[in-house]
Amino acid sequence: MGGECCRDVVCEGCPVLLVLDERRRFLFRVERGRVQGSDRGVVRHDDLVGLRYGSWVRLSSGALALVLQPRLVDYMERGLRRRSQVIYPKDHGLILMLLDLKPGARVLEIGVGSGYTTIVLAQAVGATGRVYSYEVRSDMLETARKNLETVGLLDRVELKHRDARLGVDEEGLDAAVVDMPDPWAVLPVLHRALRPGAGAVFFLPAVNQVSRLLSAMDLRGGWAETRVYEVLLREYEPRGDALRPKTTMIAHTGYLVYARRVEERPAQVGDRNRG
Amino acid sequence: MGGECCRDVVCEGCPVLLVLDERRRFLFRVERGRVQGSDRGVVRHDDLVGLRYGSWVRLSSGALALVLQPRLVDYMERGLRRRSQVIYPKDHGLILMLLDLKPGARVLEIGVGSGYTTIVLAQAVGATGRVYSYEVRSDMLETARKNLETVGLLDRVELKHRDARLGVDEEGLDAAVVDMPDPWAVLPVLHRALRPGAGAVFFLPAVNQVSRLLSAMDLRGGWAETRVYEVLLREYEPRGDALRPKTTMIAHTGYLVYARRVEERPAQVGDRNRG
Amino acid sequence: MGGECCRDVVCEGCPVLLVLDERRRFLFRVERGRVQGSDRGVVRHDDLVGLRYGSWVRLSSGALALVLQPRLVDYMERGLRRRSQVIYPKDHGLILMLLDLKPGARVLEIGVGSGYTTIVLAQAVGATGRVYSYEVRSDMLETARKNLETVGLLDRVELKHRDARLGVDEEGLDAAVVDMPDPWAVLPVLHRALRPGAGAVFFLPAVNQVSRLLSAMDLRGGWAETRVYEVLLREYEPRGDALRPKTTMIAHTGYLVYARRVEERPAQVGDRNRG
Amino acid sequence: MGGECCRDVVCEGCPVLLVLDERRRFLFRVERGRVQGSDRGVVRHDDLVGLRYGSWVRLSSGALALVLQPRLVDYMERGLRRRSQVIYPKDHGLILMLLDLKPGARVLEIGVGSGYTTIVLAQAVGATGRVYSYEVRSDMLETARKNLETVGLLDRVELKHRDARLGVDEEGLDAAVVDMPDPWAVLPVLHRALRPGAGAVFFLPAVNQVSRLLSAMDLRGGWAETRVYEVLLREYEPRGDALRPKTTMIAHTGYLVYARRVEERPAQVGDRNRG
């Protein structure tokens, strides 16, 4: 009945997602001597040590709670600080697919916000990859740093308190995620930083921004395979006998614009687009 | 102007996505002496060797085509064989997020079909991870094997021509994806194969299947954190001056049911659910 | 500067929708001597009399408010009592189209609830049409009656405190709307009440209900042209310079099942469906 | 076994929707001596005369077909001529609700196209209402006229071959529907033609058009209660035992902008919007 710490067994210092019910969910790191409270009774951290994940613990009230390993999406739901609008897992999933992210990849991030996307990128590129994250606001950057520490992925990320519009340090990068209000301002910087053929995803809340970005890419040239997406996630009540979508949903987070950094298209005989 | 083969520069044997326009897209591996045809002219593979990805090549007609590294989503769009309904990237992205897949993970797949999901899992777990894929139909398995070879990920996958309902060989796995018409039949097998707390995603086209699976999980016990999702992907025409959603869309592929394998919930005083 | 009372000009007894801003909206009937309050100041009903609809009135605070004719959708948003889950305008619109409702039509309604759908049907059939509405709960029926009075459409509706499963009084009806948890129980009653070829719409929150209704119609026969719909309404922030969908939306109200009452299908040589 | 012609019983000259199966659907008017063909056999119109709607007729091949009254939505699906992109019933339904259309209403239509919306409006306003429809293209107008004749609603509509941007003849109208690429050009005309408080719906395919219209209304003033909607209609396979959404759907027709014609908003102390 052994097992690896934090993977199979709860040891001191391991993160735990404690689930009483749909709404009573607690995410914390186990510390000897501490107590996790709730309006349904308490549990001593000491009583969690040695438990296997996936097992049940009884609170002081007798109520049962489930002991789980937190996933990134659990952290994002309730274990992290949030100082800004964040990108959601529904969008993160598509970003991973569009950018074709692999372990070992080197990724640029412009606009870190609370660091949710940073975390997702850091997990996907693995210990052999690297994320270079630029953010102009120091308070955001600090929040992102704490969140990355919380999930244990800070060592793969270089957080830079810099305005990426003025340039970035890296070259030959495999992918980029841009989450800022005026992404057209970083197109030249992106073009220099990405390796030829690499993709970038731009996250934009309003359609006017999408229009303007598309027009800017068109005008500048050097971008191809442009796509604009919107991901709608419907969640259903998980009841076998009365299955139905939840009544409300997040109807909008933002649009995802994907494009690949390519060489300027040469002129072509009879070319109407660029003479 | 150097660069790594197949990453920066097209060498013999490298895969190429050749893009003339939205519909004229060709995905192939470069072989000396071969020619890629199209109704807009041809290009000799020899002329591609040495080109940087992201650059343009002129076809015999004078038309220009873009030379790109194919991503998994490009392969899935036109570079792979398809013998079955497949899961789409929009769903793959969410699956990666729900299962919290990391480099190094060991994943079970039941129902391989054409191997599209296998490929996505294999890329996400990296060279240090492993995918164990069970499929009852040998023709499907053969298609999946060829597709895995095409994308160069076969070495991370163990394809097994076996009925998973009768059991699987692995234990302590980190995650599972199940794509079969009667997933309730593998619930006990999954429970044994997954490490405690690990998650599984079930892909199901019809709501009746979702209902039945939810009821079966409820009855059996040992599953928690159940969620039911549907991902809708809207794509927009990428025109800055006339931005609008594409007229038609894939309105349905399937429902995703997520659940975590946990211990049987102990009885509780005053418990209405399990006396 | 004349005009018709309650259409162009506010007279005593006319309904008014008073709009200060997006959230401060008041719907009432004008009564001499009364005052409409708000946290932004008050307006005396006497000051509204004689105003043209579409004009502005100044509150005691100096703030401006718009004086409008309430539409049915305005009433449904804030001018009516609600004792139950209601069907929304997005669904009402499709119901009108599916049932091909015309002025003069005679419509059956089973399951009145708060009477929102009754109101929509009553307006569509006009003064020459008629709505026959059955409801088992007397409290609901009372709410519906008050709501119909509020919008001034009670005279076109016959509210019946009766269990429609036991039969209805009418025959040869042009259409039916059924909003009850077990609509399969009224299929024979509907078949007798509708004229041949007439359509019925069933409103159902859960997919299991839809499945069961479809199976029941299939088994019984006498129904054709069956369709199942779901209407998703996305609303955008009405800002020209930052156009984007509202963040949250009503993701689910219910499914609409449409079917036409036809004759039992005769047996056919080689008929697999009904031997 | 009597009944009213064209309502209950098929008489000469009555319209019939003949349904063999999901795809074999024919919409025609019954004429003595004619024959309706299909790849599954034929039926003589003479054999239809006297049949009740909702009953079955046997084709020459022995196959059965259903005899139904066509609804407007059936006409729009296959019984009308189409020279342009049309508005769909999913949008028509919401338009009826937003405009609060009642029997007797007088409605303005700018941009007639193939007349689909004209037909819907004409049915909703009834014999006592009136639709005034402006269209600059004479070929469109001719198509609309034929379509209105086909459904028997031409007598309620005044088709005008005129550029509405230069003005319309009517005043005090109850509602307007505008389907043209540059609706901002008719805002002054609309303002004069609509009675105070009346609503208008603008149908626009691209978001840029929506942005521009919103900005124009904002700038001009005289419009309030602005709303922007998009209706998504999901259709399900109508099978009780394998219920699932249809694989593809119409993902986009257009955006609906609703606004009410009001008086110019007076200046207000401390008013930031209009000084």
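Order of writing sets the chain letters: A, B, C and D. Residues in each chain are counted from 1.
One rule holds in what follows: a contact is a pair of C-beta atoms (placed from the backbone, for glycine too) under 8 Å apart; a residue touches a chain by one contact, two chains touch by 3 or more.
Owing to the predicted nature of the structure, the values given are computational and were not obtained by experimental measurement.
Two chain pairs are in question, A-D and C-D; the one with more C-beta pairs in contact is C-D.
Copies subunit A and subunit B of the same chain sequence form an interface built mainly from equivalent positions, shared numbers / all numbers used being over half. Distance between chain centres (mean CA atoms), subunit A to subunit D: 45 Å.
Rounded to whole angstrom, the centroid-to-centroid distance between subunit C and subunit D, based on C-alpha atoms, equals 20 Å.
Contact with two or more other chains is made by residues 207-208, 211, 234, 241, 243, 245 of subunit A. Of all residues in subunit C, those touching subunit D in their complex are 3, 7-8, 19, 52-56, 58, 62-64, 66-69, 71-73, 89-90, 92-100, 102-104, 120, 123-124, 126-128, 172, 195-199, 207, 210-216, 218, 224-241, 243, 245, 255, 257, 260-263, 265-266, 268-269. Residues of subunit B that touch subunit C in their complex: 207-208, 211.
The residues of subunit D lying in touch with subunit B in their complex are 205-208, 234, 241-253.
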